[in-house]
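The two complexes that follow have chain A in common; it is paired with chain B in the first and with chain C in the second.
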Partner chain A sequence: MSGADAVRTEALSKRYRRDTALRAVSLRVPETAIYVLAGANGAGKSTVMKVLMNLERADEGTAEVLGMDSVRCGPQARAQMGYVPEDARHPYGWMSSSQLLAHIAAYHRSWDVSYADRLRRTFELRLDRKVGTLSKGEARRLQLILALAHRPAVLLLDEPTDGLDPVVRSRTLAVLAEHLADGPTSVLVATHQIHEFETLADYVGILRDGSLIAQLSRDELPNVVGRYRVEVPEGWTATRELRSAGVRGNPVREAEWTLVGHRGDLIDRLTVTGALVHSVRPVSFDDAVVALIAHQVTP
Partner chain B sequence: MMPATTGLTPRLRHVLAAQLRATGAALRGPAVVAGVSFALLTVLVLIERADNSARVIAFHPEHQVLPGLLGLLLPFGVWRGEAPFGRGVLWTLPVDRRTHALAKVFAGWAWLMALVTLLVCWLLALVVASDGQVLAEEVRRIAPTAATARSGSLGPDAAAFVHTSAQPLLWLVPFTASTGTYLFASALALGTRRPLAWVSGVVGGTLLLVTLAEAANADDLLRQIDGGLKALFYGRYGVDTLLTARTESLQGSATLSNGDTVVVWSALPDLTQWAVATAIWIAAGLASLWAAAFRHREARPSSRWSARFLAGKDAVGRQSQQGIRLNGRKVEQ
Partner chain C sequence: MLPIALDPSDLRPLYLQIMDELRRCLATGALQAGDPVPSVRELAAHLVVNPRTVLQAYQELERAGVLYVKRGQGTFIAPSALVDRQILAQDVAQRAVLDARRHGLTTAELVRAIQRTTADEDDEPLVSALGKRQGVRK
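So, the complex of A and B:
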C-alpha cells in the first residue's frame, strides 16, 4: 500500500447468505484524514468497520490498517484502532463503568489514565454505575472513552453520536476535534448525521447496496455536486442521463436542481438539449452527501 | 501527542490477569448464591450432627459429583456477555483471537480450581467438626462378584471385609473431574453457536432412537445402544471413572438376611484405571477445546458457499469497481 493510506480496502466483498453486504469495495482513508462514510441503512457501512476489526471475514478482497493486513496482523492492527460499534450497549453489563475502563485499559499499553479521567469528567460519566444500567447516551459516552483513551492512530466510529442528547452531542464533537488536534489520528466515521462532521470531514465515501459508488475529497465535492439554475426552452424534456444526475419534473422556463456529476459534463449535456445554465452554486456538505446518496453517479 | 506505546499489543500475563478479573466479576453473582447455599447447608449439617453426635463424617471428596457438575456449568458463566459467533468483546481487543479465547478458558479454570478447593476445604471442615479422621483406616464390605453386589441382597457370609487405608491421591478426583467436564463444556460454549441446542439435540436424538428401536422391536440395536451408553458412563474409562474414580458405580446398597441395609462394594477403586481415564478425558477435552478455539482464529475462512456465489456475480463486482475507479482517482488527485 502507499504510505499515505491509514485505511485501505481492496475489492472487499462480503455476503450474508443471499444478501450482499459489500461488493468489491475499494476504500482509501489517507493518514490523518477524516473520512465520512455515508449511506442508507443496510448499505454496508458497519460491515466495512467489522471487516477492518476482523470481526467479520470478507469473502473476497483485503483490508489494511496502517499497512497491516486486518487478518494476518489482526492484533497489531486492532492495537492501533479505537472502535465505537454501532450498538451502544456494552455486553459486559455486570461490570461497573470503572471496572470496564480498567479491563480495557489492561489491553492497551498506551492507555492514558489522566486523559481517560478527563474524558470521563467531560462526559459527566459516573463510574460506580453498572454498565448494564447505563442509558443509551451514557453507554455511548463510555464507548467513546474506551475508543479514545489509548490514543489510537486510527479511529473507527460507527454512528458515534447516536443516542446522545444535543448538548452531549456538541460536547462529543468538540472532544473529537480536540483529540484530532492533539495528535495525528485518522478517522473513518459512519454516520447519518452528516452535518455534524461538516467542519471536520476531509473525505467522503458513499455506499449504496454494498457498493462504494463515490469516494472523493472535500475539495472535489463542489465539482461533483452543485445547485444548477437553468433556463429551458418550451417543451424541453430531460434526457435519461440528466434525470439520473438529479433533474426532476418538466420545467416550463426556469428551474433549480441539485445535480450530481462533473460540472463541465453536466453543462455540456444541458446545453446540448437546448437548456441554458445561468449559474452553478456550491451546496452544503450535508446536501452534497445527501444528493450523492440519492442519485446514481454516472461516469 | 501519540504515546510511544501506541500500537503495541499487551503482554500475555496482562491478558491473563485481565481475564481473571473479568471472569471473577462475571462469576461473582452465582458465587454469592453458592456461598449462601453452602452456609445454609453447613447449618443443617451442624444441626443434624447435634441430634446425632455418634455419626462421623468420612473424608471422601472423590465421592462428590458436584465438582464435575460445577465444571459443566461454569463455562456458561465464564462466557457471560460474550457471543463467540457474534458480537464478542474479546475479538475487538488487540490479542490473537485464539490465544484470547484460550486465555479466557484458562481464567475460568483458575476460578474453578479455587471453587473446588473451597469445596474440598468445606468437606474437610465438616469431617473435623464431626470428630472424623481424615487418614483413618476403613473397613469395606466387598461382594464376591459384581452380580452379587448388584443383586441387592446378601447372605451372612457373602461378602468379605477389607481394611483399606486412605488414598490421598484420590483427593485429586474433584479437581481432575471438574477440569475434564469444564474442558468439554468450554469447547461446547466456544465452538458452537447454540450449545444448549446441541446438548438437547444429542439427548433428544438418543431418546428418539431408543423409542424407535423399541417400537420396531429392534433388540440388537437396543442392546448396542445400551452397551454403548453403559461403556460411556460406567465403563472402565467411562464418565463415572473420571467424575468419582468409579466410587459411585462400584458401591451399592444391599439388604442382609437380618434385614439391615449396608453399603457393599463390587470392587475397590483402581487408581491406575482412574489415572488412565482422567488422562483420556482431559486429552479429549483439550483437543475439543483446541478445535473450538480454532474456529475463531484470526485467519478463519469465510463461507465457501458465499465465495462461490460471489464468483458467479463478478459482473456486478466489475460494474461497482468502474464507479470506484472513477471516484478513487479524485481522492488521489
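So, the complex of A and C:
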C-alpha cells in the first residue's frame, strides 16, 4: 500500500445547535482502500460524507480528498469524487432521468457514455421517467450510475444498497467489484449491511456518538476482536473492564464470548481473575464490526 | 464460470480460500494444464471480492508454479501444474481438525470416526463419479 491517503480528516468537529455530530474525527482512507464506516444511526457517518463533499461545514478541523481541502478546493475535489447520498431523492426531481444523466455528464470530462449505458442496462433502469417520481430503489440505481460513470478516483457511498431488492443488491456489489478492477479507486462506504462488504472491505472505522472509536485494517482485526472460550472457577464474577470488553452474564464453569481488546491484554485480565482461556478463535468481519460497535476497545 | 465459491463460515484469509478453490478445480479436472483462468476482473465480480484479493491469490499461485501469465493474453494453468494432492489433503485435514476441536473432539476421535465412515469404501476419489473430463485419474 502506498503511503498517500485518498481521504483524510483532521480533528473534525461539528455541532448542530446543541447536538454534537462529530467529535475530533481523524479518519484516513489509504489510496485504493475500501473503507467501511460503521456505527449506529446518528453516529455521524453521513455527516462525515457531507463534510467531505462540502455540503456541510465543520466547526473545527479539516477534511481533504486526494490532498485537496474540501472547502478551499471544493469543486476540484468534487470533480474527482462519486457520491451516493443517504437520501434517495434528487433535488432535480422535475428532470427526466435521461436529462439528469446528460446534465451531470456535462460537468465531468471523464464521463464514460458507454459505461453509463452499460450500468443503466445492468440496473434495468428506464430513463424516461421524472426523477421525482422514481421509487426509492430506482432513485438509488440512478444515483449509483451518476456516481460511477465518470470513473472518479474516490467514491463516497452512503448506504448504497439501501432500498434495493436482493437481486439488484447483489448485482450492485458485483458491479462495484468490477469497477474497482477497472481502475484504482478508493472507497469510503457507510453501511449497516456490513456482511455485504465482508469480502470487499480492507479497512473499517467505527463511529460512536460522533467519535471515531476504532480504525483498523482488516489484517489487524483478528488481534482486536476474537471469540474466547473460557473456563471459570466457582463463584466467578467479571470485572467492570471485562464487562465493557463484552463479557456477559455470570457463567458457570464454561463460557464463550466475542471480546474486544488486544488479545494479550484480555488473556492477562482474564487470567488475573482466575479464569482459564481455552481458545481464541477469529470471528467473521460482520461479527467483529458488530462487537466493535457494541463494546469498548480497552486501551 | 468455474465452480468457484467462497464459504462464508471459512474464516481464513480470502486469498487463501481462492487459492484452495483453484487447486480444487485442478484436482477435480474442472481446470487442466493450459486452460485459461478467469481474469481478475471476472473472478472479483463473480465472487464479489476485492480485485486485489484475487490478484494476491493469482500471484501466490504463480509463485507456486500453478499459474503463468501470458502478457496481453491472460492467466493460464501452467503445463507443469501438478495437482498437489498432498497439499490439498493437508488443507482438508486442517479444516477437519479445526472443526473437531470446536466440537470438543480429540484428533484420535476424529481419525477413528473417519476410518469408521470410510470402512467400506475403496480408495477412489469422491469426485470421480462427477468428473466428466478425462483429467480425473484413479
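The rule is simple: the second predicted complex is superposed on the first by the 296 of 299 C-alpha atoms of A that agree within 3 Å, B and C clash if a C-alpha of one lies under 4 Å from a C-alpha of the other, contacts with A are read in each partner's own complex, and residues count from 1 in each chain.
Just so we're on the same page, contacts are C-beta pairs under 8 Å (C-beta built on N, C-alpha and C of every residue); 3 or more make two chains touch, one makes a residue touch a chain.
If you're wondering where the values come from, they're calculated on a predicted model, not measured in any experiment.
Within the superposed three-chain model, A:P282 lies in touch with chain C and out of touch with chain B [touch as defined at top].
When the two structures are aligned on the shared chain, A:T199 is found in touch with chain C, with no touch to chain B. Of the two partner chains, chain C is the only one that A:S170 touches; chain B does not reach it. When the shared chain is aligned, chain B comes close enough to touch A:A106, but chain C does not. When the two complexes are overlaid, the chain among chain B and chain C that reaches more residues of chain A is B. Using the contact criterion defined above for the overlaid structures, shared-chain residue A:L180 touches chain C, although it does not reach chain B. In the superposition on chain A, A:D87 contacts chain B only, with no contact to chain C.
On chain A, the surface patch touched by chain B in one complex and by chain C in the other comprises residues 182. Those residues of chain B whose C-beta lies close enough to touch chain A in the complex are 1-10, 14-15, 17-18, 21-22, 25-26, 28-29, 80-83, 87-89, 91-97, 298-303, 306-307, 309-310, 313, 316-318, 320-324, 326-328, 330-333. Of all residues in chain A, only 32, 34, 170, 173-178, 180-182, 198-202, 279, 281-284 touch chain C in the complex they form. Contact residues of chain C toward chain A in the complex are 6, 8-9, 11, 14, 40-41, 44-53, 101-102.
Contact residues of chain A toward chain B in the complex are 11, 13-18, 20, 23-26, 28, 30, 53-55, 57-60, 66, 71-72, 74-76, 78-80, 83, 85, 87, 90-95, 99, 102-104, 106-110, 112, 150-153, 182-184, 203, 211-217, 220, 224, 297, 299.
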